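Heads up, the next two complexes both have chain A, just with different partners, chain B and then chain C.
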Partner chain A sequence: MNALAHSAATHAAADHHGFLSPSGVEIVFVLVGLVTLGAALATVTTKQLVHAALWLVVALGGVAVEYLLLTAEFIAWVQVLIYVGSVVVLILFGLMLTRAPIGRSPDADSGNRWAALAVSVAAAATLVTVVVDAFRATWIDLADPAGPGSGSSEVTGTALFRHWVLPFEALSVLLLAALVGAIVLSRRDGDRDLPPARTRAGER
Partner chain B sequence: MDAVDVAVRLLAVLLSFLVLPLLVGQTEHKVMAHMQGRVGPMHAGGFHGWAQLVADGVKFAQKEDIVPEGADRRVFQLAPALALIPYLLVLVAIPVAPGGGVVQVLDAGIFFVLAVMGVGILGSLMGGWASANKFSLLGGLRTAAQLLAYELPMLLAAASVTMAAGTLSLPGILGVWEWWWLPWQAVGAVVFFTAGLAELQRPPFDAPVADSEIIFGAYTEYTGLRFALFLLAEYAGIVVLSALTAVLFLGGWHGPFADGLGWLWMLLKTGVLAFGVIWLRVSYPRLREDQIQRLAWTALVPLALFQIALTGVVKVVM
Partner chain C sequence: MHLAYPAVLAVLLFCVGLYGVLARRNAILVLMAVELMLNAVNINLVAFDVWLRDTLHAGQALTLFTIAIAAAEIGIGLAIVLLVHRNRGSSDIDRLRDLRESDSPSGGDSGGGSRAEKSPASATDNDAESGSDQQVQGPAAGRRHA
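Right after this comes the complex of A and B.
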C-alpha cells in the first residue's frame, strides 16, 4: 500500500519535471559527469603511469560529487574515504615501491587495447540500461531529506540493513576470504630454517 | 541562513584557518624552547618574538620558487595546494558552540571530515613522487605506508563514538554527549589521537619527513611559498586533529556556562590537545619504520576493536 502510494507520488513528481527545463542541480550534474568521463578516459589513455593514478583520483572524486548531487551524502563521503583515500594511495604506494618513472612509460601500453574497449563498452551499456530502466521515473525531492529516493544516512542505513542484509553479509564474507587469502599468500613459515631463495621457490 | 550570515561564517572559518595554525606554530617555538632550557625567538615584533612566524612567512615569500629540472612540473606545483586545502574544508564541519555554532551541519559529518583529511595525504605523495629525488620518493613511500596503517584504527575509534551517539553528524554527537562518555570512550580517544598524530606525521611518527635521515622526505625539493604551504598544512592539521578529538571524545563545547561560553571551552580543549602534540614532539624520540607499523597493527587496531566491543556492550545493556 505504502509502496504503491510512493510510486504514485514519484510518477506524479515525474510529470511535474521535464527534461527540457533543467534545474541548476541537473546542469551541474551533467557538467560533473562530463569531467568525470574525461578524467576516466585520461586515466586509461595517458602514457604516464602515475598520471593515470592521479586522473583516477579526479574520476573517483567526480563520482563522489555526483552522489552528493543525488543527496547520497553518506555514500559520497565513503566513496572519497575508501577510493580516493585508500585505494588510490595503495596504487600509488605500489607504483612507487616498484616503478614510478617520471615521463612516459613505453611499456605501459597493452596489446589488449581493443578487447578492453569491447569489454568496457559492453559493461557500460549493461549498466546504463539497468540504471536508466530502474530509475527512469524516480525523482528526488532535494528539499525533503527523508522523502522517497533520498540518500541520507538514515535512509541508506535502513535500506542496507533491512532489505539488503544478505548481500551485505555475503560481501563481508567475500572480503574476509580475500583477507585470509592475502595473509596465506604473503606468509613465510618462520620455524622452517630455509634459505631465502628456496623459501621463495617453495611458496605456493 | 541568508547570504550575509553565510558570508560571515565563511569569513570566520577563513580567519581561524589563517590565525590558529600560526598560533600553534608560535606556541611550538616557545614551548619547545622553554622545555629545552632556551628562550626561543625574542626579537621579531618586540614582545617575546610574537611576530616570528610572520617574519618567516615574509622570508618564504621572498625566496625563489624552484622546480627541479627532472621533476614532473605540474604535479610538483599542484601538490602543496592539495595538501593544504582539505584542512580548510574540514573546518567548515566542526561545531564550536551550541545552537548553530557550526558553518554547515552535515548529515554524515564525521565521514566528511575523515574522508577529506585522507585526501590531504595525496599532496605529500604527489610531492614525493614528482620531485624526482630518491629521498622524496622514500618520504612519499613512508607517508603512504603510514596512512594505510593508521587510517583503520582512526576510523574504528571514530565509529565507536558514532555508535555511542547513534548519529554521524558532529553537532548531533555533541547534542547527546554526557560526561561519563569520557571514561567510556577513553581507549578510543587515545587510539584516535595517536592515529591522527601518525597521519599528520608529527613526532614520534615523523619517519616520513625525518630530516636527519631522508632530509624532510617528500618536501626535500620544495622552497619558498610552496614549502611554507606544506608547513602550514602540518599546523592546520594539528588544529583540525585537536578540534576533532575535542569534539568526538572530550565533549567539544560542553562545560560550565556552555550556552554563553561554549566556544571558549571548545577553544580551550583544542588548545590543550595542541599543547600535548607539541609536548610529545619534545619528549619522544622518532619511531623506526617497523616500530610504526607494529604499533598500528598490533596495538591500535586491537584496542580500537576492543573499544567498539565495549561501546556495543554498554549500549545494549543500558
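Right after this comes the complex of A and C.
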C-alpha cells in the first residue's frame, strides 16, 4: 500500500514535470553544456581549419539541445536549420574557396594569443562572479501547467505575427539587403567574358 | 532549474568566442568565434524569456531575429573575406594592415613591399571601385610601382 502510494506520487510528479524530473533536467543541461563548451574550445583552439568548422557543428547542436531543455522547441529547430544547416555550410564553402589547407596549419593562431587568453579569462572570471552573485536565488519554473509549452511553434508564431510583425518585416528587408550586398561583393566586373559557371555569384 | 546554469553557460561560451576573436588569425575562424558569441547571447535571451514568462515572448522573438541577423552577417562577412582573399591572396587579418599608421616609414615600407608584390597581378582585374580606392592610397601605389 505504501509502495503503491509512493509510486503514484512519483507518477504524479513525473506528470507534472514532463519527460524529465527537474533535477534530471538540470543534470542533462549541465552535461550538454559541458559538451558544448568543450566543442567551442576545440573550435577556437584546433589547428585544422576544417576541424574547427566541424567542432562548430557540435557546439551549435549542443546549444540547440539546450534550447530544447529550456522548452524553446521552435528556436531549437530554427537553430538546427539555420546554423547547422546553412551557416556552417557557408563557412565550409568559405574555407574551401579561400584554399584553406587541409592538414595542420601552424599559423592559425596569431601572436597575441596569450594576451587574448588573459583577456578572456579575466572577462570570464568577472562575468561568472557577477552572474552567479546576481542570480543566486533565482529559479526557472520549467513545468508548464497546461496547454502547449511556452516555446512551441504555436505560441512563438502567435507572438511573432501578432506583436512582432513590424520588426519581422524590417528584418526581411535587411535579409534582402544582405543578399544583394553579398551578390554585389561577389561578382567580378572584369570577367564578363567568362562562362557563368566560373562567376562566384552563387556563393551566397 | 537554477537560472545560474544557462547564464554561466552563456558567459563561458561568450568568453570562448572572445578568445577566438582575439587569438585567431584566419578571418573565417574569427567569423566562427563571432557565431559562438552570438549563440551565447541567444542562450541568455531564451533563458530569461522562460524565466520571466513574458506574454509577448520578447526573448524568443529577439532570438529569432538574432539568428536571422547572424545569417545575414555571415553571408556578408564571407563575401568580404572572399573578396579580400581574391585581391590580396591571403585572408590573414594580421597581414591586412594597409590602413595602419606607420611610425617608421622605412620599416613599414620594407615590411609591406613583399606583401604588395602579388597585388598588381590581381589588381588589374579588380572592379573599378577597388581600383580607384587603391590609387587613392599614396604609399601603396608608390610601393607597387617601385
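Keep in mind that, in the parts below, the second predicted complex is superposed on the first by the 123 of 204 C-alpha atoms of A that agree within 3 Å, B and C clash if a C-alpha of one lies under 4 Å from a C-alpha of the other, contacts with A are read in each partner's own complex, and residues count from 1 in each chain.
To be clear about the criterion, a contact is a pair of C-beta atoms (placed from the backbone, for glycine too) under 8 Å apart; a residue touches a chain by one contact, two chains touch by 3 or more.
Computed from a predicted structure; not experimentally measured.
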Go through the superposed model and pick first if A:Leu54 touches only chain B, second if only chain C, both, or neither. first
**Item:** Which of chain B and chain C A:Leu160 touches, first, second, both or neither
**Value:** second
State whether A:Leu97 touches chain B only (first), chain C only (second), both chains, or neither.
both
The chain contacting more residues of chain A, comparing chain B with chain C, is C
Task = Have a look at where A:Ile27 lands relative to chain B and chain C in the superposition and call it first, second, both or neither.
result = neither
With the two complexes superposed on chain A, say which partner A:Val180 touches: chain B (first), chain C (second), both, or neither.
neither
| request: Considering only the touch criterion stated at the top, classify A:Glu73 as touching first (chain B), second (chain C), both, or neither. | output: first
Which partner does A:Ser86 contact after superposing on A: first (chain B), second (chain C), both, neither? both
So the chain A residues that chain B and chain C both touch are 74, 78, 86, 90, 93, 97, 100
Chain A partner, complex, touching residues on chain B are 70-72, 75, 106-108, 111-112, 114-116, 118-119, 121-122, 125-126, 128-130, 132, 137, 140-141, 144-145, 147-148, 151, 155, 168
Note: in the complex, chain A contacts chain B through residues 48, 50-51, 54, 57, 73-74, 77-78, 80-81, 84-86, 88-90, 92-93, 96-97, 100, 102-103, 145, 152-153
Residue positions on chain C within touch of chain A in the complex are 1-9, 11-20, 22-26, 28-29, 31-33, 35-36, 39, 42-43, 46-47, 49-51, 53, 56-57, 60-61, 63-65, 67-76, 78-83, 85, 91-94, 124-128
Touching chain C in the complex, chain A uses residues 22, 25-26, 29-30, 33, 36-37, 40-41, 43-44, 49, 52-53, 56, 59-60, 63, 66-67, 70-72, 74-75, 78-79, 82-83, 86-87, 90-91, 93-95, 97-100, 105, 107-113, 115-117, 119-121, 123-124, 127-128, 131-132, 135-136, 138-142, 150-151, 155-156, 159-160, 163-164, 167-168, 171, 174-175, 177-179, 181-182, 185-186, 188-191, 200, 203-204
